[in-house]
Structures are given as C-alpha cells and as structure tokens.
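Pasting a structure below so you can have a look.
Read from first to last, the chains carry the letters A, B, C and D; within each, the first residue is number 1.
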Amino acid sequence: MRELGVALIGTKFMGKAHANAYRQAQAFFSLPVTPKLVVACGTNAQETQEFAAHFGFRRTTTVWEEAVWAEDVALVDISAPNDLHAPIALAAARAGKAVFCEKPLARNLAEAQGMLRAVREAGVPHMICFNYRFFPAMQLAKRLIADGALGEIHHVHVLYLQDWGLTPGLPLTWRFQKERAGSGALGDTAVHIVDLARFLVGEITEVTGLLATFVRERPFPNGPGKGRVDVDDAAAFLARFQSGATGVFETSRVALGRKNFMHLEVNGSQGSLFWNAEDPNWLWFYSREDPPHQRGFRRILVTEEVHPYAKSWWPTGHILGYEHTFVHAVVELLQALGEGRNPEPSFVDGVKAQAVLEAVLLSGESRRWERVPT
Amino acid sequence: MRELGVALIGTKFMGKAHANAYRQAQAFFSLPVTPKLVVACGTNAQETQEFAAHFGFRRTTTVWEEAVWAEDVALVDISAPNDLHAPIALAAARAGKAVFCEKPLARNLAEAQGMLRAVREAGVPHMICFNYRFFPAMQLAKRLIADGALGEIHHVHVLYLQDWGLTPGLPLTWRFQKERAGSGALGDTAVHIVDLARFLVGEITEVTGLLATFVRERPFPNGPGKGRVDVDDAAAFLARFQSGATGVFETSRVALGRKNFMHLEVNGSQGSLFWNAEDPNWLWFYSREDPPHQRGFRRILVTEEVHPYAKSWWPTGHILGYEHTFVHAVVELLQALGEGRNPEPSFVDGVKAQAVLEAVLLSGESRRWERVPT
Amino acid sequence: MRELGVALIGTKFMGKAHANAYRQAQAFFSLPVTPKLVVACGTNAQETQEFAAHFGFRRTTTVWEEAVWAEDVALVDISAPNDLHAPIALAAARAGKAVFCEKPLARNLAEAQGMLRAVREAGVPHMICFNYRFFPAMQLAKRLIADGALGEIHHVHVLYLQDWGLTPGLPLTWRFQKERAGSGALGDTAVHIVDLARFLVGEITEVTGLLATFVRERPFPNGPGKGRVDVDDAAAFLARFQSGATGVFETSRVALGRKNFMHLEVNGSQGSLFWNAEDPNWLWFYSREDPPHQRGFRRILVTEEVHPYAKSWWPTGHILGYEHTFVHAVVELLQALGEGRNPEPSFVDGVKAQAVLEAVLLSGESRRWERVPT
Amino acid sequence: MRELGVALIGTKFMGKAHANAYRQAQAFFSLPVTPKLVVACGTNAQETQEFAAHFGFRRTTTVWEEAVWAEDVALVDISAPNDLHAPIALAAARAGKAVFCEKPLARNLAEAQGMLRAVREAGVPHMICFNYRFFPAMQLAKRLIADGALGEIHHVHVLYLQDWGLTPGLPLTWRFQKERAGSGALGDTAVHIVDLARFLVGEITEVTGLLATFVRERPFPNGPGKGRVDVDDAAAFLARFQSGATGVFETSRVALGRKNFMHLEVNGSQGSLFWNAEDPNWLWFYSREDPPHQRGFRRILVTEEVHPYAKSWWPTGHILGYEHTFVHAVVELLQALGEGRNPEPSFVDGVKAQAVLEAVLLSGESRRWERVPT
C-alpha cells in the first residue's frame, strides 16, 4: 500500500484535530493510501515535540518551509493561523505537494484566488477542510435534498452562535486582528455556514449584511495593557440563492450560553430539515409524503448501518463526536488521492465561500446589497 | 335544543376545571344538549358564591344533598374529595341523575364497585373524568394503535412525576389522609397512568409494587402542630398485560423539578410512540415503515385539522392547554347523553383502574406479585 | 361593578379568540369592569348568529357602523380584516368609544398614524392586540431583562415560521391581497416579532430586508380561475437597535413543517434567553451567575405561583394554551379601563411596529438600509 | 516512562473500543504509563491480523492462553464473550498480570466471586469496564451528588432501551444463549444501569423484577434452521437502596425506535438531575437554590474547561462521542497503575452489580422481593 508523508503545520486546536484524523482514518477505515506522520511544525519547539510524541510524528520543526520542502513529505496540512495559509500553500504548490488547508482559505478573496491559481498551475491536489460537511447528518441531508425529498427549496437559515468571546481576560490573539485573521467571526465561523449552505442548496448570488464588535479592547497576550480589536464579534446577512431560495445567516462569538450552536434549517416545497451542531448526530426531517395525521419532523439518529460512515464506527445509537468530521474529511482526501482525483471540497469551494464573505464585508460598508463576485 | 341542569359539587382545582369545561364545550362545540349551570356546591358559602359568580352558576349551596336532589338538576358532577365520591354518587343514582365523577372513582375497590352497582341499578348514565384520555395526542395514539401502526405491543412505561409534595409548609390536607383519600400518589396520579395504559394497550392482569413516604409529618391546616401522613408520596409497580406486554409504572409527588411530567411510552413490533404531559400537544411516533435511512421518532404537533378536536379550536400550530381535556370530556359526556348511550370512560373503567391500584397496594404489603381482581 | 358593553367586529379566527377572551377573563380573574357581550358583527348573518349563540352575544349585525354607534356599546373590538381597521377605529373614536384593535394596526404607516391621531384627539382609550406579549413566558422574559439578568443586550434573533401558505388549494383570501392586507407575512406575522423585540429590547432604528413570494397565484375563493398574489410569503430583515444590539428577523408562511414556530432569542453580556411559540409554556434562561460547572440554559416551566398570571389558572405544571394570551390581553385592557389609565400596548406601539415594517418594505425596494421613521 | 504490554482478547465491538482507547489515551492525555499494543487475539486469524494492522498491534494469535502468558504482556484486556471472562481472568491472575475486563464481570454471581477471589489472591490490579461512568456528564453528576447539590435522594429511575433485537434475520449469537451469556438484556445492558445507580446513589438492598422474551427463536449463525433463545429480551425491576431511595429500572433490546436510549434520573430533596446516553454530552440539573421564578432543569453542555476530561479534548461546545468513555476508563486504569493503586471500578464493583442481577433473576422466578446477596 502506498504511503504518504504528511507535514502538519500548526499544533493548536486544528493541528490536534488534523493529527488525530490521520490516525483514526487509518484505524477505522480501509484506505488506498496510508498517511505517515512525518513532521509536525509549531512555533514553540518544546510544545511541538510534546505534540509530536503524543500523536506519533517522527520529527518536528519550527520552520514551516523546512516541513514543506522535506523530501519525505507529499502532503502539506495547513492548520496554522489564517495569514500563513497563502504563503504555505504557495510554497507547497511550488514544491509539488498536495495541500490540505484549514478554513477560511485565506484572509480575503484575492489571497484565496491566488492560492487556487497556484495549486492549479502546479497541478497539485488541493482540499479545504470544511469539516462540517462531514458530519454524517450533513451527508444524509445532502442525499435527501439530492433525492428530491425537499422539493424546491424556499428558505435556508443558519444561526451559528458561540460565546467564547466573552471569556473574562481572553487575550488579543491573532483571531482578533484583521491583519492576521482577515475578519473575525465572519471568516472563522460564518465561513462554515456559507459552505454548508452552498453544499446543500447551491450558489449564493447576492447578500446584504452587518458586522458588529462588542468587546473593543482585549489584553495583549504577552505583556501589559490592552489592544484594539479590529474584527467583528458577530456578523449577520441576508442572501439570495441562484435557485431563488432566500437565506438568513448569523454568527457570533458573544452569544452567551451558546457553545457551538449551529442551527441549520432548510425548508422546501416537499420537505424540510434542520440540524444543530451541538447535537450533531440527529437530523430532523419533515416530509409531506407522510400521511397527514402522522406528519412531523423525524428525529433521525444518524448512526444506522445505512447511514454515511456509520458502519466504520459503532453499532447503532453509539454516537460520534466533533473530531470524527476531520477523520471523514481525511478519508475523502486519502481516497481521492488513491483514486487519482481531486478531493472535495477543494480550493474552488474555498474561493467561493470567500467570495460570499467578501460581499458581506463590502455590504457592511456600502450598506447595500452586493453581488457575490464570481 | 335540550337543556341539562348541572349541579357541580366541589369548587377547588377540579371544580374550576369542570365549571370551565361546561362553558367552553358550549362555546366551541356543537352539542346536542346544552349544559345549564344550575347550582355550585362548596364548603365555604362566600367562596362558593364568588365561584358561582365567576362561572355563571345560578345559585349556590353548602349542602351537597340539596344540590343532588334539586328538581332542575339532571347531572351531578362530583369534583369533591375522594371520600365524598361514593355517598354523592349513590345519592345521585337514587335521585335518578346522570353522574360525572372525578378520579379516582373511590377510596378503594369495594367502594368503587358499590358505586358502579348503584348507577347500574338506577339505570343512570355514568362517566368518570379520566381527562388525560382527552388530550388530542392521546386520541391520536389510540388511533395509531388501533390501526395497527405499532404492531404487537412489547412494552408500556409511564413515569408520572410531580414535586408539589415538597412545597415548604404544605399542610396536611385530605390528600395526605388515608381515611379521606384512600391512598396518596397512587390514587391521585397513578390512577391516570393506569387508565391511559388500559385505554391504549388493554387490561393489566398482575402487578408487583412498592409504596414510599418521604415526608412523614405535615402541619395541620387549621391550628398548630403537625400530623402524620399515612399515604404514599410515591408508588412504582411492574405489570403484565393480558396481551403479553410488560408494564413499568411510577408516580411521585416528591420528584423535585418535575411539575406534571408524565412520560408515557409504548413500544411495539412495528412502531413506537411516546408523549409527555408537560408538552402535551406533541406526539412522538416511530414507524418501521419509513425508509431505513429516514427512520426516527416524528414529533407530531397534534393541532392539524385532521387531528382529534383540532378543528373546533384554532388553526394549526396554536396549542391547547391542560384545561381543554376537561372540555373534551364534557363534549363526550353531552354527546353521549344526546345520543342516548352511556359515555366513555364510565364507572366500569373507574372500577377497573381501582382494581389495579388495589392489587398494587396489596402487593406492597405481601411483597409478591398480585393478580388484578376482575 | 361597572359593566362595559362590547361590540366585536369580526367572527373568524381572531373574532373567536377575542370573544373567548372576554368570557374567560371574567371567569378566571377579578376585574374592576365586567365585559358585557352586546353585539357581534360579521359579514354573513347566519354564521354571525351562530357565533353569537356560542359565545353569548345578545345581538348581531352585519353593519359594523351600527355596532360602533350603538348606545350600549362602550368598547369596539376590531377583529376584522386589515383594511377595516382604520375606518372602524376612526368611527369608534368619533363615537367616543374605547378601541381594542387586532394587529397590524393598519395596512401602512400613514393609516396607522391616522388612527393614533384619531384616538388621541377623541381622548378614547386604545389598545392593540399584540397578544404574544401576554404569554407568561414573555412576561417573565421582560422581568428578567428589566432586572438586569441579561446585562447589556448583544443580539436578538427571531425566526417566525409557518407553513399554511402551502396548503393545497388555499384560496386567494384578503390575506394575499395588498389592497386589503397591506402586506403578507410581514404585516401578519413579522409584526408580532417586531413588537416582541421592542417589548423586550427597545426601539429599532434601522433595517435592511428582503421580501419573497413563492406561490404567485391562488384560486379565487368564489368562482373559477386564479388570481395574482401581490404580497410576500416570506420576509427577512437585519436590524440595529437603539441600544446597540443587532437584530435578525425572519418570517414565512411557506416554511414546510413549521406550524407556529417562533424561536425568539436574546443574548446579553450576563445572560441569555430563548423561547418558542410552539412550546410557549417554557422559557429557557442562561445565567453567568451560576457556578461555572453548573451553567446551562434552564428550562423553566412558567406555571409556578410566582409566575405571571399562573395563580389565576391551574396548579404548577398544568399548561396554558395559545388562547390564554388573548385572555391576559383583555385582563390588561379591563384593568386599565378600571384604573382610568390607557392600556398597554397601545396604538403608539402599533404605530412603532408599523414604522419598522414600513422601513423593511422600503428597504426591500431600495436595496439599502433604511431608517425607521419616528 | 514505563511501558505496559497489552494483550487484547476480543476484536469485535468491544475489542475495537478498547484498542482505540489505548491509542487515544496516549494521544490526548499525559500518562504515567505508556500502553504498548503487543498482541491481539481473535477467533479468526485473518480478521485478527487486519484488526491488528488497523490498530497497531505487533502480533496476533487465536489462542488466548498464548496472549495471557506472553512475557511482554503485563495487562490482559478481556473483551471476549461473557463465558470467557472467568477462564481468562483466572489465567491472567495466575500469570500475575493486571486484568481489565468487559462487563458483565461473569455469567453469574458465583463465577464473578471466583474471579474477584483470584485477582485478590494473586494480588494483581483489576478493573471492570463500566464505561458509562466515564461520560463527563456522569462524572459531573457524581460530583454534584457528592457536593450535596441533590440533598437526600428520593428516587432513581433508569430506562435503558435498544431495538437491535428486532433486526430482521438477526442470528442466534452468543448473546442469546444462557450458557454463554448468562442472561440477555439483563447482563448486557441492565448491568450498566445498576452500576451507574450504585456509582451515584449507593448500594441496592432488595429488588423485585420481571424478565420477558418476545423473539423466542432466531436463525443459527452458521447453517439452516432456527434455535431457541433462552435469555431475556427485556427486564424490569423495582429496587430499594440502602439510603432509603426507591429505584425503577428497565432495559430492553426490543423497544423499537430506541437505539441507545438510557434515560437516567435522580430526584433528591434539594436537586434533581437527568441524562440520556443518546445525548450524552448534556447533563440536566435542577436546583432548589435557584430563585423561585428562575427554577428549571439546566441543560449543561459538559464540555467546558471546568468539566471532567474536557481540557484534554476540544474547546467548549465540541462534543465527545461514545468511544471517549473507553478512553477515559483506560486513563483511569493507567493512572492507577502508575500510582500503584487499584483502579476503579474494580472487580468488587463487578461482583456487586452481578449480585443485583442475580437477585433480579431469582425474583423473576420466586415472584417476590429478594435481598441482594452481599
């Protein structure tokens, strides 16, 4: 079986999720390609070594270029802050490596387009880690919609609410700096719901939005004093889909009591569905085909043998967690590489989601509806 | 249209629920018989007059015999404490009046049987107010089971939990005295779930149970000091149904945090359903006939035009409350009287439920399974 | 006790809800003023007589002017279609009668302002029936916010979804005609959530919105053929509150599977709450004051003695329905009249809600943010 | 760091869960002892090799004795069918190896007691895999009860319902044979809820129960025809706890629509809690200490930094799955071994749970309450 050397750049939240994904994909799935955890790259040498020891990476570095150009590396996994996505991806493309990049693809549309151009010109495989697509419930939702079980789609609404932005004393990390993150909640969390909406219902053509910042100063991470937050804590926008459906989207980091609350709902002429990322094993589905006196949203526990990915894990009713989405994403990545096709979602999807964010940002300034650039 | 003079005996919780029911039945339903609120009877003259003024009774009394024997009274409604059920029902039967009696029918089986005998011998119509049957969701459940949508029934479980018994300073009312109430939670709340189980799944043949009292003394209502509670705060029992199904029943007045929590579940070979009295407008139904990847409990909002009683009230989605069950019970009562048939549930159902309670009490002492007397 | 003659104009959904409210208010509450159901007015004489018989109106008419000017009428209740609100209210004001008007106050802002001017100039009491304020859970929400339990408000989001617009064969009633209704879902359902948001969080200063129509033709009610729907099936808008909070609002009549789904959520710096009109007896409340390991949304069953209105109804855990909101509204109306103050919400609230709708409509055309006229 | 050679016996559902647990414990936790996956033992050589390749075992065998006695093995993990628990545990004890055994400890009480005697005499560490204790929510429940947040416990009720027994064509595996499994749902699933109840509320002193079998014949796994099922599909029992609390327990494999539904509820004088294994990241907690108008069950998402195990995984709101319980159990095992203490729960807990099951079985025959042997 073919082996694939992996360089993982980033060892925090996402780095951990990706490292785990390679290991679990191999343990639970039959893959055409075996990932070899070659090198882990982080900013702090000692922490990176500990990380590598836990997850079984052979070596570590604090210099990402070294990881990218290493001969035994065939796949570059970008789990670093947003401002590093483009430089690493461009280098990886130049080095002829496959690239697996965390979302958002970049800090802005131009940067994202540059990355897509680079991987295309280099002819390297590229994937963006929109992991929420890989919840079994979202795969089932996709199937139901593709099967016509919802009919013509009227409405999409997604509220994606978190409250970690209200943690007392939370420092001014890169996530609160426009220079490094591109935007705040918009690029961090709204990008997920834009992708899910595109995945399920298709392209968004125009938007009108607002952005809001509630906590305007945060303490510097290393040293005294406070610095200014120049990104959004929250964003909301209305959308029109190509298909005629309407969209309502909202995200926040300061919605107290909501932890990873993503209520996604799609209403169609024949059926509707909704789902929440805090209860991700359940898909709720309503069908007009049920007898009138028996109609109601069915609460489907998406862990049956007939459900996506379920057979590889546990018997029915034994639920999966958040991290499994990354495992499934890696399975898609490795299967695609094994089959010689580009994985999905690709940088194309990364660019398209970024285009929607860009239109929202623009609309926030122009105070008008804006077309999503294509 | 025929008028029917009503004497209502009891003006507390149940008296209020019944008084309201007559008024609302007439306002919202087309009835063959019009109830005329003739006389309200309570223990306190002034309070009874206020009650009568609120609900539109023509006169009041504090002597129930007077109410029963009044010439302009054709229906005696017994909403008084349990120890008065039998004497009033017997008098009403002697007086040739129809009888509508709150649950439990009596303090014990012998008393209940005597009441049934009396109404039968007198040939008067009789109904027991098992109001929970009259939630639209319970009527729909009955229909689904009757239609075979659940197949062969395997299990029935009902937890009926309340916590009012933990209210600080709650006095030693009649509900805590065996002499007046017959039993505690068993006769007060378990009787509802026994009736619902019989309504949906049929007869119970044997039981084994336990009774427990946690608050052993309570303050006297009128005067200093405390008296002994000699009834159960909680009861639980296992049951076998004639059909082969198993039953698990539990009730309590001291289950903190549960207000009127009645989780009723029925599992069959082809379908299952569950329901909760704290969310009574929703019926959850699971069907094996759904496509495998779409199976899940449907949360049916039982307010559609096709649902029981719904058309008489509001458009879909506008929910009904607790009191509506009494209205529906009165509709059944008046329709039956109009059609010249005995209403359902009748004293026969009251006796059968009482027989189950009696077997539970006996089992609590014998510490063995006991047959339900027939 | 003072009596108050009531003329009820309109005998359909809202007429029924109002008629019931007067009766139930008197039965369950102690009121300083007793409503006397004097005259019911509808378009069909026979149906109106049946309606009157059910609810106990002394007489009927099909001419609303007659009802308004009748000497024994002191309160004019406008439960008729939207295009009649203004003419009836103006007549009632001229006749010196108190006015209780269904929402929306009018078909548009100018009309609503005219109504406010009329009742003010005439010096008659005026109330608008924003009945959703009168759910006990909404009153409790108001109290929690007023007590500071939520801190500074960051976000308000309300999705109000129904699906009756998808009923096969649904005729082109007045609700689908701009001339008679003013707007579609916007005026019919969005107006409720605008009012609730104002009630809880204060004034909205600007909005940007979209309107959409999915079913463009519907059969004529009386006769062959189909006519054009010229109002919205769905509307959504973003909002800024005076306080700095953001708002996201959406409503639809074509959201399949949603019956009377109104998810209202308010997130603040110290607490959050949410609520749904399909489960209206429950208020969910999250408090940062709870110990960190015990924090979570509390599901409060708003039926305790300490809760708004609860003592007048049933013991804890016995839930109220949709219609109770109208009863509570009527209680406020009659108490205010008894106390010689104007009831709340008044036509002022009706105008302010209408101003928000007007800005949404304008924004739907201008495709920009629009100020809410003041 | 010390290494510990692991022999895993059993490669099906539980073998997979255990294999995964060793790997994940090492990846996500800081452990005093490193598990080395030395040998995997299964009945089918090829399947065992595939299993070993997936999870990284160095070698395989089909002879469990070989695995137990191997010099490089220090821990024997028994994930084999119930009838092998005792022989393997006895051999492991003789060989001086630590033992980690799946539940139920044995097929019956005598066998379980023999196992406890063996490990005690050999002085080897022993642990039983009651993995449900290791859901963070159950650990939090334990803490709340230990802190007195529930006061005096009145009631425990646990319904543990599954429906895999209704799968069409399900063969007569060892789980349906008394000779191999000891009992049916009782030993398979009831044992979990007995342990959880003991963990949270303490010892059970007496029980009365029923057992029921609905599917009496099943197809032979290898060959034509059907064989008789001689174990229970469902079991239910009432219990008394030493503390005076009452218990109601039910389990089934034929409760259609329920997948891994374990509703566990504990009601006390000061607080209550409930939890469901199908939504295991949420603990519901009700406290009498909340202000009266704010009381309700809090839905706590047990993923905060302050919650058990959470810091080792993901940021708040990112949920864990079923398999994580095994990881946490292994963490306890390895930490105890590192600290030189016996892990918990131990074979003592295995024996005590088995004693309860034994009393239930006996009661099923005697049809009386039975004391739990001590």
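Please note the rule applied: contacts are C-beta pairs under 8 Å (C-beta built on N, C-alpha and C of every residue); 3 or more make two chains touch, one makes a residue touch a chain.
All of these numbers come straight from a predicted model, not from anything done at the bench.
*Asks:* Report which interface contains more C-beta contacts, comparing A-C against A-B.
*Replies:* If we tally the contacting C-beta pairs, A-C comes out ahead.
*Asks:* Which chain has its C-alpha centroid at the greatest distance from the C-alpha centroid of chain D?
*Replies:* C
*Asks:* Just give me the whole-number Å value for how far the CA centre of chain A lies from that of chain B.
*Replies:* The mean C-alpha positions of chain A and chain B differ by 53 Å.
*Asks:* Report, in whole Å, the distance between the mean C-alpha point of chain A and the mean C-alpha point of chain C.
*Replies:* Chain centroid spacing, chain A to chain C, equals 41 Å.
*Asks:* Residues of chain C that touch two or more other chains: which are they?
*Replies:* 258, 295-297, 301
*Asks:* Where on chain B does chain A make contact in their complex?
*Replies:* 140, 143-144, 282-285, 287, 290, 292-301, 304, 306-307
*Asks:* State the interface residues of chain D toward chain A in the complex, per the touch definition above.
*Replies:* Its residues touching chain A are 13, 16-17, 19-20, 23-24, 26-28, 54-56, 162, 164, 258-261, 277-281, 301, 303, 313-324.
*Asks:* Quick one: which bits of chain B touch chain D in the complex? Just the residue numbers, please.
*Replies:* Against chain D, chain B makes touches at 152, 154-155, 157, 159, 161, 163, 166, 208-210, 212, 214, 233-234, 236-238, 240, 244, 246, 248, 250, 252, 254-258, 265, 267-272, 286, 288, 295-297, 367-369.
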